[in-house]
């Protein structure tokens, strides 16, 4: 899995990531050997049902795993530097500067007690030696950048005075504050209603073209990701099922799970994060079956599936973890 | 990642687990942790209650038997907790005294619980003017600090154990009423209850079969929480001379008795107080565990 | 441990124009004539909390012991019970017993510099009797003698509506202390924070519920002649800490935060008797001591023989030993020694079960199955104990076990004040125990004359006894009163209306470095010479 | 904000009137005539009875009586304590300061200690330190204060004579009573601080703050502690009630002056005018404290008060 694919050195190179939680005397493994890369200015979609480990993967990359969670194994190379095991002080110099994150619940991701402008300024001043006034001025410009009409006024608003969409614009502005090379968006539109979703996606799309930021877009909704990203990583049960160029994967999904995901996206738009077209439920991380995690729900399941399939590289550059290939 | 947590992280366990399809592990874990508390509570309570229940079996002398020759003996094998000024066995008095303190606290939660539950059910089921009046009265009683209300009631009724029980039970009434009213209000709105009403079930049937079971977890939690408070307050009133009257060996009253000879016989003060504290800690531990189990929305510890 | 002292006194005062009198003044004074002041500052752990330290207002006896150090009265009672000059140098009574004339001491000034004279006495009488003052004890002790007029700068006449024999003795009690007329005028009902007297200590600070601080007044030079001491007090400052909590008071003494405490719990009192660091002092409290009145209407205590038998069955010394560490002497007469009319020459019941058996048998009682029975009814008693003071239930328990062992079925009920009183009055008890503190023998009236408050408890209705007690109240001559009260006590004991139990004393403990503590007959500690 | 404050104030006034009605009715509930109850031992004096009956207007309807009583109470006239030979207002004036002093010191101790315990519990959650600190908190809540006071006296005033047994007004004398009062409340505060901090730590905005690259200390102070202050403030308001009524026991144990001890004395001696006034004052003080907390809230939390 170290075979170099993309020509240029990737911004992010996640290798065999294992993220687990201690519980009592036991350990629950949630992310179980995830690898993917994000090239410079690339956009990668991380897709899976809730419980697939995609959000935790994003948080691991962001360096936000706290006790009792821990990264058991693997490397997270950001511009070639491994974030795993990096001292907290050093890590915090990277967080918000080289990589930033937009969270699921825009309103909750803002501290209700401070003006939003102050919260953006805080992100700026964490990495830049500027005065509060200058930081606020930068914040106003960022607000304009993300399409906030009355930026000067919104600066002095509290989160509860703003709509969910507006809050998400604010958090995006916050994430862009230090022009990071990589932006992780964790279900940025799930909590918003449909029209606002579209607006936010427009903002993100536009920013992508204007700034040269690489993007990791985490979502349960493959249709959203398909619109936003060039590459796709499909996760299930804490593992990568399939990955590759968006058009290839969407055009001819190989893994039965990917097929199911795409099928359900066609039948139900938006959704609950649960797949109506695939029978059964996402397995409990403590009761994860040996071998392929999808096997219990897979219509193509065979005895071989009891042992974990390797991530096979297909000729078109895709990878698939299934004994069918 | 191994350094101690100072600031909160993105995904402390609870959040991570919420994101999982099934949050059984969380409950299971807290059950496991709580189980320890629960067990500790049960053990403490047993240590306190078993001798109290056994009474004469564990104490060969009665609580009021005086013997000047045995005055102020320190704790020893012959006199487990020593003796007081009058040669009375502190062990015997603690063991018999528990019946008053614990018995009175139980009476408090039964009386206060029944009265408060009844009021809460009526208010929650009937709503309207009656419910409004009941709940405003409840708010008013809650505006008084608990022990102050109990003291006020004692002032009216006069000092005695029965009156102390009534006083502390009155403090409990609004607490129960509020919890039960909330639950009743919620349940009364559920479709199947409305359906039952439409089908002609009487209010008694609906309250008994539908509303009360819904309120039950809250009532149970409130009872364990209040039982400890009741014991503290009953003993406090006893200590102040507003509850049990001497020579009845209630724990608070015993502390009051013993303080006159504190520097000669610490044991006459320390043991009854320690038994009281152990009882209250035991009840609180169990109450916490029950609250976590029965009331998952509660803030926990 | 006598929380009920002030209460019983108050009850008494409310019910009648009680006669207070200072009787014997036992003295433990060092007697040294030296008047050299010291720098000693003494803290006294005081058990009772004052209601109001203004002597004219107070209803609590404890205040008297505080005020006696600040104020003086017209008359001083000597240890032998004689009334001797204090602020009055001499006095006389008119033939009809309704007018008293006092000649006042000259050259005395109040601590605010104003002179003591007849006008001051009149001002005090007016203050006590004014409705706005709401006096409790002081006005009661004046009895029928409510007005005073100045007949000269230093002569005063007091007028009584009817003869009132107790007046002179009552004018020796600190509730009739002479206060500065200027202070009365200036502070009125707020005077408790500005006490001004003529006594050896002057007021510094009073914090209710906490402490009273007084300091030596160096101009004091007019102590009553009977004290044989004069000049300023010895201690530089006295602080009375009000500490009702027994344990705390003891702790205060043991940690030397207080050098003197009053109402020492008996258990400590007995221990300190063998201590070299602390000394004990029992200050007699006048009155009927601790005693047990019967309900003479209720079966079976309506039977004189039963009451006599019970009196024989009670072993006072043993009961005192069990319940009170033997800290108090037994009492066998209705009046205590030191009270006018006291005499050992009254019928007494010492512990003698054989005599008790004899009395019951002669009366037709038989022991059936170990229990005295008459006409099919057992000899069963209800003993009602006041629970607010732990001492009473314990005394009752000791007595109960003694009576049970003699074949009497005695049961105990314990009650706080109000239910206790109600049960006593409603005929629900056979016998109770309490203390009754008062300095004049007239107090017996309240217990045994129909219409009086405590007679509702005893229900005694004995015309001969009533006649004697009423006569004692109005007689003007001391010999006549003495004879009346002696005869009354003989009836009380013959009929066994009560069981006298133990002598009432305030147990005082003090650091052995302190000396010179005195007290006067009413049980008021006096710290004039303490240092 | 003004509307909010006005609403809270109006609610307080309604509550205070309710409290007053209840306290007024207290006297009516006592068996026997209110006059006898108020006069106590002096009830046998017919003149006093007649005077007080007239003063109280007992021949008038109950609402009129209440109104007169309330008018007097508002003017600070709570009647006369026959037991203390003083107007009740004078008694309150004498006793209130030391109770406020004690309750204030107790509050301080409970806050400092409670925050320390709570922070340890939250920051080291699910470790031994957490268990120990929460164990301490629970035990402190369970300890009877009258007993704790005696044990502290035994230990720190008698065995080790560091503090006076009877405090008086000295600062040193305040230490043991304040600890006795504060420790019980400290346990509740500790548990509450812990859960508030945990709740704050788990809010997504804390993760967002960390994602900005802010240092742990900054995140804790600005995004965790600052947010946890709000719920803690509410519980502090409620605890003022526990502290004020807790003085009843502490003042008795330490023989301190104060309205708590005054209340017990008045109950024991059936001095109902004083009982009424004391209950009214404590409950009123408690209600006002909670109003102050309510009014502080919008200053600390922009979501409250609706600007």
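By letter and in written order, the chains are A, B, C and D; residue numbering begins at 1 in each of them.
Heads up, the rule we're going with is that contacts are C-beta pairs under 8 Å (C-beta built on N, C-alpha and C of every residue); 3 or more make two chains touch, one makes a residue touch a chain.
The model shown is predicted, which means the values in this text are computed figures rather than measured ones.
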### Message
Tell me which has more C-beta contacts between its two chains, C-D or B-D.
### Response
B-D
### Summary
In terms of mean CA position, the chain most removed from chain B is A
### Closest chain to the centre of mass proxy, which here is the mean CA position
D
### Summary
Between chain C and chain D, the Cα-mean centres are separated in Å by 40
### Summary
So, in whole Å, the Cα centroid of chain B is separated from that of chain D by 21
### Message
Nearest whole angstrom, what separates the Cα centre of chain A from the Cα centre of chain C?
### Response
90
### Query
Hey, how far is the Cα centre of chain A from the one of chain D, in Å?
51
### Query
Of all the residues in chain D, which ones touch at least 2 other chains?
126, 150, 153, 158, 203-204, 207, 209-211, 216, 223, 252-253, 268
### Query
Which positions in chain A touch two or more other chains at once?
59, 62, 64, 68, 88
### Query
Among the residues of chain C, which ones contact at least 2 other chains?
245, 247-248, 251, 254, 388, 416, 418
#### Entry: Of all residues in chain C, those that touch chain D in their complex
10-11, 14-15, 45, 49, 51-52, 54, 57-59, 134, 136, 189-190, 192, 207-211, 241-245, 247-248, 251-252, 254-255, 257-258, 388, 416-418
#### Entry: In the complex, chain C residues that touch chain B
1, 245-248, 250-251, 254, 265, 267-268, 271, 321-323, 325, 387-388, 390, 393-394, 397-398, 401, 414-416, 418-419
### Task
Would you tell me which residues of chain B are touching chain C in their complex?
64, 66, 68, 71-72, 85-86, 158-160, 241, 245-248, 257, 259-264
#### Entry: Touching residues (chain side chain D, partner chain A) in the complex
126, 203-205, 207-216, 222-223, 226-227, 300-303
### Task
Report the residues of chain D in contact with chain B in the complex, numbered from low to high.
15, 18-19, 22-23, 26, 29-30, 123-126, 134, 138-139, 141-148, 150-151, 153-154, 158, 191, 194-195, 199-204, 206-207, 209-211, 216-217, 219-220, 223-224, 241-242, 244-246, 248-249, 252-253, 263-264, 266-268, 272, 275, 279, 282-283, 286-287
